[in-house]
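Each of the next two complexes has chain A plus one more chain, namely chain B in the first and chain C in the second.
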Partner chain A sequence: MLELGAQFIPFEPDRSAHDGNITRNFFDTSSQRICTMRNNGALGMTSKSLQNDKIMNVRTKDRGEPSTVKLSPDGRLCAMQRSPNTADIIFLEKTENSLCLELNVSTKSKEPLLAVEWVTNNQLLLVNNHSAELLFINEDKKSSKLIKATNVNAAWAIYYAPSQLLLIANGQSCSNLQPIIVAHSQFTRMKNFEVDFGGSISKENFLEKDAAIATIYGKVYVMVFRYSNRSATMLDLYELPFDATTVPQFKHSLILGFNGGCGIHVIDNLVIIHHQSSQKSLIFDIKVSSPSKSHSPLVTTTIEPHPQHQPPPSLYTNFWFTFLPDVVIDSAGGVMYSLRLKNEKSQLEIPEKHTMLEYLARRKNEKKLFIATLLSCLRARALSLRQIRKVFTRICGGEKELKSAENASENVQKAVMSCEKWNPMIVSQQEMQSAVLIPLREDTSLPESYVANIMLQYLRSLFDASLSPEAYLIEMVVETLAEAGEMSKLQQIVTYRVINDSKPLAFLLLSYEARCSTLFQSGVDILARNKASDEIVEVMLEKKQIVDAFRFIDVRNLNEGLIPKVVEAANQNCYRQTRYAIREHLVEKKAKASLYKSIGDDLYTDAEVQEANTEQATCTLFEL
Partner chain B sequence: MEVEVPGGSAEATDTGSEASFKVSQREIEDVEENLKNAEAIFEHLEQLPFQVFILSEFGKPIFVNNDRDEGEVVSLAALICAFVSRCQSWGDSLMSMTSQDNHIQFLHKSPLIFCVVSKYAEQLDQQLEVLFEQICSILSKSQLENVYKKKGDNYDLRKLLRGTDRLIDSSISSWRASPINLVDSSISAIPMNPSDREFFSTTMASCMGAAKLDGALFGIMIARRQIAAIVRFKKYVIHPRDLNILINLVSDTTLQTDSQNWVPICLPRFNDTGFFYAYISYPWCNKDQDIPACLVLLSVKRDHFDGLKEVRQQIVNKLENNAKFFTNFSQAVKTPNLYQISQIGSNSESLWSFLYLNHSSRQVCMSASKIPLITRTERWMARCEMRRSSALSTRHPHLRTLFVRGTKHCLFVWVTDLFSLYCIFGPFVTAAVSFQVVEKLLKSLKSHEQRYFIINTTSF
Partner chain C sequence: MESISNPLYFFSNLSLNPPSCSNVVRFIDVLEFFFVAHPLSGRKEGEEHKRIMYFHPKSENIERQSEITGFAEATVNFTDNFLSTSRRDVAENLNDNDDGFDFRAVSTQRTEHVYIRTEDNQFMLGVSISKQLSLVSNYPLFQPAIRSILSDAYKMFRMFFGTFSSFIKNGPDDIPKFKERLDFFFSKYIPLLKVHKMPLLDHLGGVEFLRMSGPLYLNVVSLITELREEFPIIEKIMFLYQDKLLYYQLSKRDLPSLFRYLTHNLLPTTLAPELEHSGRNASKGRYLRGPTDLTTDAPLFGDESLSVVHLHSEQDPEFREDLIGYQMMVYRCLNATVCMFVRNDGSNGEMGFRRSSDSSQSSSTRSTPPQNGVVSRRLLRNIDQFLETELAQVASKIGDEIGDEKLADNTDFHYIYFNPSSLSMTSSLSTSPSLSVSASGSTSSSKVSLPPVDVNRLVCDTMSNFVSDTEEFGECFVKSSSDWWIVIKKVNSRLLVLILPPSSYTSSLADVQSKTATIVKSHFEAIFFS
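Presenting the complex of A and B:
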């Protein structure tokens, strides 16, 4: 399920040659570039990245071996730490093919530096034991200026560039973490918090290597390895709030189930832990696995190399270095790889279909795969109706949890931190219809009632999400219900107006009258609610309910335009008694005589009227 | 052996098996024919409005209407008898059977069994009782019970009832023709001027009283199956059902000459063991005048013929002497002027027909025929609606008002302790409008009460 090296880039591995030439490599996590320094830059410095092909090549003075190399976001400046207390700014751009100009900067107190980080293209952050300072580097004048300084008490510091977040560890065992946002030339302190790293006599201090920062599902988490002598290692996730007043909270605990060296990646909101000795990778999805705080791995798998690497590189070696979010550096082979998810394999890796769909629904750019998988699961009848509805609810975009997560940073007032937003997968009704529902309907091996139930669940999900179903969808649901013979369900969704009234729907229902007579009335009711009086009259005439049609015209006070049609229908279908009643009624209403002229005045002859009068008056006995 | 061969072809065609095959075929044909006959009979029965069978407890047919084939009647009579006696053997009694639109009602009044097959389910039980009373009126109940004891179980009652079939027939016919009054034990009064009716009654009462005939109890003037006037001796009363038996009797055209008749008749509601002697005459049924009015004088004494003849003559003379009355009277009888719906006033066009029944006097008032209820079928359909709603209100006594919108017409029923009113309205009337019309109608009927009803029965 994990594939190594879809993207890769080779570099010159570290070496210390006998001829005195030394090659050193540095990975800059902020700019995601690997920098190769040959002879401390005297023979050249090369920086490469997986994201773009631009290779930077410069030469610098050899002023000793650097301990860190950091490139500014635009790649014009490089910060290098060659001595514990100072950092050198190297101006890369203007000195192609010659030695670069340099500028030496340090903190006021000249204390040893704990972190050197680029905040913007020309703002450099320096952190030492006592303070954090923000310097402005003037590229033209080759000078630096202190913009802002703040006092901190730091044992170590890490910087998370995407959110411009500086995390400082202090306290007795370095387990008190202080997040600081460095933005708009300001330091904004957030609430500090204590983490539990499983401290013991053998392990007194919380170390920089046991902490990492990542954005998962639109929230920033500090990830902390918690070791324990008794049980297996855990990875605890602390959620950082977006504002400066809320205390960060322990949110999730990932159960790793092993001890020993491991690497960590966060790819597509999944936390992936690689365990070296067992050569396994654990994939955690904090949204899918369980609603509680502790999570077991969703998938345990092994990395596979991309087939383009021949012979395949050895995996999980000692020479591997992993960097967030997805970088693997093979220091021995001199290759930087990216790791990628092969979600199409999830069907094999995640046996439980509902979980698998939940998993796929949360992946980026996997809509096609998700829809295809959903269809195959539905075809195989692998899901219960309840599960189907859960999945539907998710992809309708109606789930409240998703909505709030999406806009979490916007909802919080006075947000000081920003991070990458997570957009849940939304499948439109049209996509659902064309890619899932229609194929299901056309699948003759499936019982119609099953398909109808699936559609009802989808309808319900839309309803729950307060989305109005599209007309074509309703039409299909109605047709499917009718074909499945689920007339009572159809009746119910119409009666309780689960689906919106529309004239086409009304006519559809009318056409099903032969199969379920009560649907006829439902159809007429819809027409009535739509004030489609003319159509109702037509329907009644079609059913030869001429008297009812007239009553309806009366009640609705319809115009006289309809009357000739009804009179005509009466002439064709009614006894003279009814025709007489219609004529008298029109006379009483003072309708125009021309409207009912066709009924005629000679319905009853004088002779038979006379005879009837006599028979009635004399109580004449008769047989019919 | 050969027959047992499965699928045997050559062996199976020997003569013996062929012969037996033919025999069995013939038998089946016979059964089928019988079935067909039976089906045909039932199909025929289904189409009839009323098919009546009267038979003795021992299955001997006594009366069948609609001139049925004798053989058919005998088998059906046996069937009916079997049904009834079977249920009786269970200590039960068979009331009715229903299949789809066919309703069969039974009435077992020892020693007779009555059965009616009808499309209409309503009031069949009462109709059978009326038939029983009709037969009682000819024989009296005590005589009916005795005749089988004296003459044996196989006695053919038709010998005693000879010549009265047409009375039973006309009684059955009246179920359809006259309003529901007959089975509802009610009568209708012929519309007359109140003063004329008053004069008529007092004249009859004074003549009957003056004759001082001990045992002459009632004097009744009947015309067009309706009552023109009725007088009684002291507190004696006559039941509407008995009156209907009399009406049925005097409407028999064979009696309608200017001669006089002296007919013994039992009025079962008055006394089902004894006989009245009815002096029946049609005073103005001759060549000069044709007034279809019939004067019936009832006495319990067999020798009152001459006395009543005298009374009759006095009454006729007195009536004829009052020229003004007589003109009005002959007019009222020749062409009875029923209640016209237009009398109600404006907005009454939507009312097509009504029937008003006064509960205390058991008299009905029916509207004159009105367009669009003209043909017999049209009128009968309206009547059926009324019959049905009448049956409905009998079954559900709490039902007081009912408004039904039908596809052909609307039905309005109003039942109170004093009256029942059944109205047929046009299809486009609303309940509110129909109620307004009905209220007006009731007011109008109240103000013309004496014209359409006999309010007080004059006694002598």
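Presenting the complex of A and C:
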């Protein structure tokens, strides 16, 4: 499920040649560039990145071997640490063929530096044991100026550029972590917290290499390896709040199940741990529900190289260096690779279909794959209805938890930290209809009742998400229920007005009268609610309820244009006596409208009048 | 001796005194006699009394019992001669609906008799109401209602024990057993039976549905669909909230009896323990019947086995008299009750009954089968797990919505609404005994006093004389001598009876008509009642 090297870039590997030429490579995690220094820059410094093709090539003075190389976000400046106590700023752009200009900076106390980081294009952060200082670098004047300084007590420090977050370790055994936000030329201290790294006599101090920072599902986590003598290593995730007053909390614990060297990646909100000796990679998704805070790997897999690499590079070697989020550097081969997820393989790797669909729904830009997989799972009837509902609820955007998580940083007052937002996948009603529901309905191998139930589950998800279903969807649900013969269910659903009223729906229901008489009632109810009086009269005439149609017209004071139609129906269906009553009724109303004059007289044929006369003549009147 | 597995266990728990100033009357207060007879058994001269299978009151001497049943039989046989063939067709048509039985009514100076014949005219049930007593009790006699009460009694028996004929199909040796069973049932049923002072309610015999919003209702539907998918063994299902019906998947013919049993007998008895344990695990669902310990896998015996009910099959109306035994599971959580029915397999319904009756009545000498029915603790446990959280969620959502709407609807009139096609009935005059504590109470909040007995009688008379059973539409306005107005509307088969108390706003027919229009508009707006 993991593929190495869809993107890659070669570089000159480290070497110390006999001729005295030395090549050293540095990876700058903030700018995600690899910098190759030949003879400490005297023979050139090359920096490359996977994200863009721009290769930077400059020459610097050889002032000793640097221990760090950091490029400013715009790539115009480079900070290099060649001595423990100072850093050199190198102005990259200004020199075409000559050597670069340099500027030497240090902290006030000139103590050994723990971190040198670019905060913005012209602000450099220096951290030593006792202070963190923010310098402004004036590119034109080639000068530096202290903007801000704060006292810290640091054993080591790491910097997370996306959130401008500086994490400082201090305290006994270095396990007290102090997050500081460096933004707007200010240091903002957040609540410090203690981590459990499984300290023991053999391992006294919490080390920089055992901590990492990453953004997962819109939240920033500090990831800490916790070693144990008895059980296998765990990776603990501490969630950093967005404000400065909440204490960071231990949230998740990933069970690695092995000991020994490993690399860590965070790709598309998944934590991926590569274990070197077993040549396995574990993929963790903290959103997969778990009864406790502990998570087992969702998938255990092995990295596969992209087919473009021939011969395929050897994997999980000692020469591999991994960097967050997705960089693998093969220091021996001299290639920097990116690692990517191959989600189309998740069908094979994740046996449980519901988990698999939820997994896909959480991935970026995999909507097409998700919809196709969903359809195939539904066709194969691989999910229970309850699972289907849960999947639907997720993609409708109705899950409240998701909504709140999405806006967590905005909701919190006084948010000082920011990070990349996570937007859950939303599948629109049209997409669902055209790509899932209609194909299901057209699939003749599936029982209609199953399809109808799926649609009802979808309808429920929409309601739960407070979305109003589209008329077409409702019509389809009703038709499918009718095809499935679930008349009693349909009737109960209509009675409770689960589905919105509309005239077409009413006529649809009326057309089912033959199969379920109660639906007729419901249909007329809907017409009545829609004030479709004319249609009701038509329906009544259809049912030969002539007198009631008249009554209805009277009660509602309806358009008189309907009267001729009713009279015509009366002529066809009613007994002579009824017609007489109708005629009398019309005559009575004549005073109000002259319209009826012509109609009322048409009610009888001569033969009928004759017949009535005979009847009257021969009948006997009983009087008591 | 009464076992908990016996369906009638709960009948005995109900209090006997009717609520004061209520709108119901104890049936025995107006009853003169009630009997079940099997005419074939009393054919021989001198052995006429053998046709009597059950007689109430028991104190009546045997000669009188024979006389009464003999008269009934004679009446039926005699009037048979006058039934034209067309009339007979009508009778059979009624049978098709399963709601009507072949019946005869005899009215004497003192009493009103109704006899019905069931099961291919093999059996006869009869009832006699004393006119004197009903006058004292303010109970208006309405013959169709008495007929319905009688057939309801039969249907209730049939639901729990199967058909009469299934008892005696092996010959006369089984008759003592049959008598015992009849006695067991009716001796409890009749004294506890309450009838409405508005007999129309007993006659219509609908069920009360809970009103709620569509989206929420869909939650119920989807929960039940999920349940049925997960447990295909469940064939029939009913969902109630408080004492009102929300959803059902079973034959309409069984619905009124089951609903009545649940709301009048089973659920009220659960209320007390629920109130006691309130606060503790309130949202935890539980089974109302059957075993209390679900953690083991021990087979279900005796007290722990589930009761069996005999229901019509839903799909094929051809076998309309075929009753199938179902084991009934009743699961309840936060006022929501799910009633599930599992076919009592491995034996026909009758055998299922035999077994449970044996275990409930006396320890059987027969070798007991490993378990009564197919429901096991395992199944109960699995269903419990499946329903637990979801049902609690749905139930609390319903509770919220019902609570929101709990504004007392101050009506200044009485009404009966009945839809024969859905069996939905609501009325300001009906009561749901013992559940009124938890019920929303919307029915009892009417400001007006109950209509007097003459108005009730007038409603019944108007119904039988002026409103046709077969017509789908009709309208009728009646003014009583005590100035009450009765409005009967029938639209699209639905019936609406409004009973308006005397007031200055209802002096003329036009006033009443406009008042009716207002009521329909405000209270029945969703329904087409022009």
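Quick note on the criterion: the second predicted complex is superposed on the first by the 583 of 624 C-alpha atoms of A that agree within 3 Å, B and C clash if a C-alpha of one lies under 4 Å from a C-alpha of the other, contacts with A are read in each partner's own complex, and residues count from 1 in each chain.
Here is the rule we go by: a residue touches a chain if its C-beta (ideal position, glycine included) is under 8 Å from a C-beta of that chain, and two chains touch if they have at least 3 such contacts.
What you see is a predicted model, and the numbers here were worked out from it, not measured in a lab.
**Student:** Kindly classify A:Q577 by the partners it touches after superposition: chain B alone (first), chain C alone (second), both, or neither?
**Tutor:** first
**Student:** Check the residue A:A161 against both partner chains and state whether it touches chain B (first), chain C (second), both, or neither.
**Tutor:** After superposing on A, A:A161 lies clear of both chain B and chain C.
**Student:** Which of the two partners, first being chain B and second being chain C, lies in contact with A:A42: first, second, both, or neither?
**Tutor:** A:A42 sits against neither chain B nor chain C.
**Student:** Using the touch definition from the top, say if A:M56 reaches chain B (first), chain C (second), both or neither.
**Tutor:** neither
**Student:** Once the shared chain is lined up, is A:E608 touching chain B (first), chain C (second), both, or neither of them?
**Tutor:** In the superposition, A:E608 contacts chain B only.
**Student:** Under the stated touch criterion, which partner chain does A:L369 make contact with: chain B (first), chain C (second), both, or neither?
**Tutor:** In the superposition, A:L369 contacts neither chain B nor chain C.
**Student:** Answer with first, second, both or neither: which of chain B and chain C does A:D548 touch in the superposed model?
**Tutor:** After superposition on chain A, A:D548 lies in contact with both partners, chain B and chain C.
**Student:** Considering only touches as defined above, state whether A:E588 meets chain B (first), chain C (second), both or neither.
**Tutor:** After superposition on chain A, A:E588 lies in contact with chain B alone.
**Student:** Looking at A:A149 after the superposition, I want to know if it touches chain B, chain C, both of them or none. Which is it: first, second, both, neither?
**Tutor:** Touch status of A:A149: no partner.
**Student:** Which residues would you name on chain A as touching chain B in one complex and chain C in the other?
**Tutor:** 545, 547-548, 551
**Student:** Mind listing the chain A positions that touch chain B in their complex?
**Tutor:** Listed in rising order, the residues of chain A that touch chain B are 545, 547-548, 550-551, 554, 575-578, 580-582, 584-585, 588, 603-604, 608-609, 612-624.
**Student:** Inside the complex, what are the residues of chain C that reach chain A?
**Tutor:** By the definition above, chain C touches chain A via 212-215, 217-219, 221-222, 225-226, 229-230, 247, 249, 390, 419, 421-422, 424, 472-473, 475, 491-494, 517, 525-528, 530.
**Student:** How about chain A: which of its residues touch chain C in the complex?
**Tutor:** Checking each residue of chain A against chain C gives 384-386, 389, 453, 456-457, 459-460, 463-464, 488-489, 491-493, 495-499, 517-518, 520-521, 524-525, 527-529, 536, 543, 545, 547-548, 551-552, 555-556.
**Student:** Can you list the chain B residues touching chain A in their complex?
**Tutor:** Touch residues, chain B against chain A: 49, 170, 173-174, 176-178, 188, 224-226, 335-338, 349-350, 366, 368-369, 371-380, 405, 407-409, 426-428.
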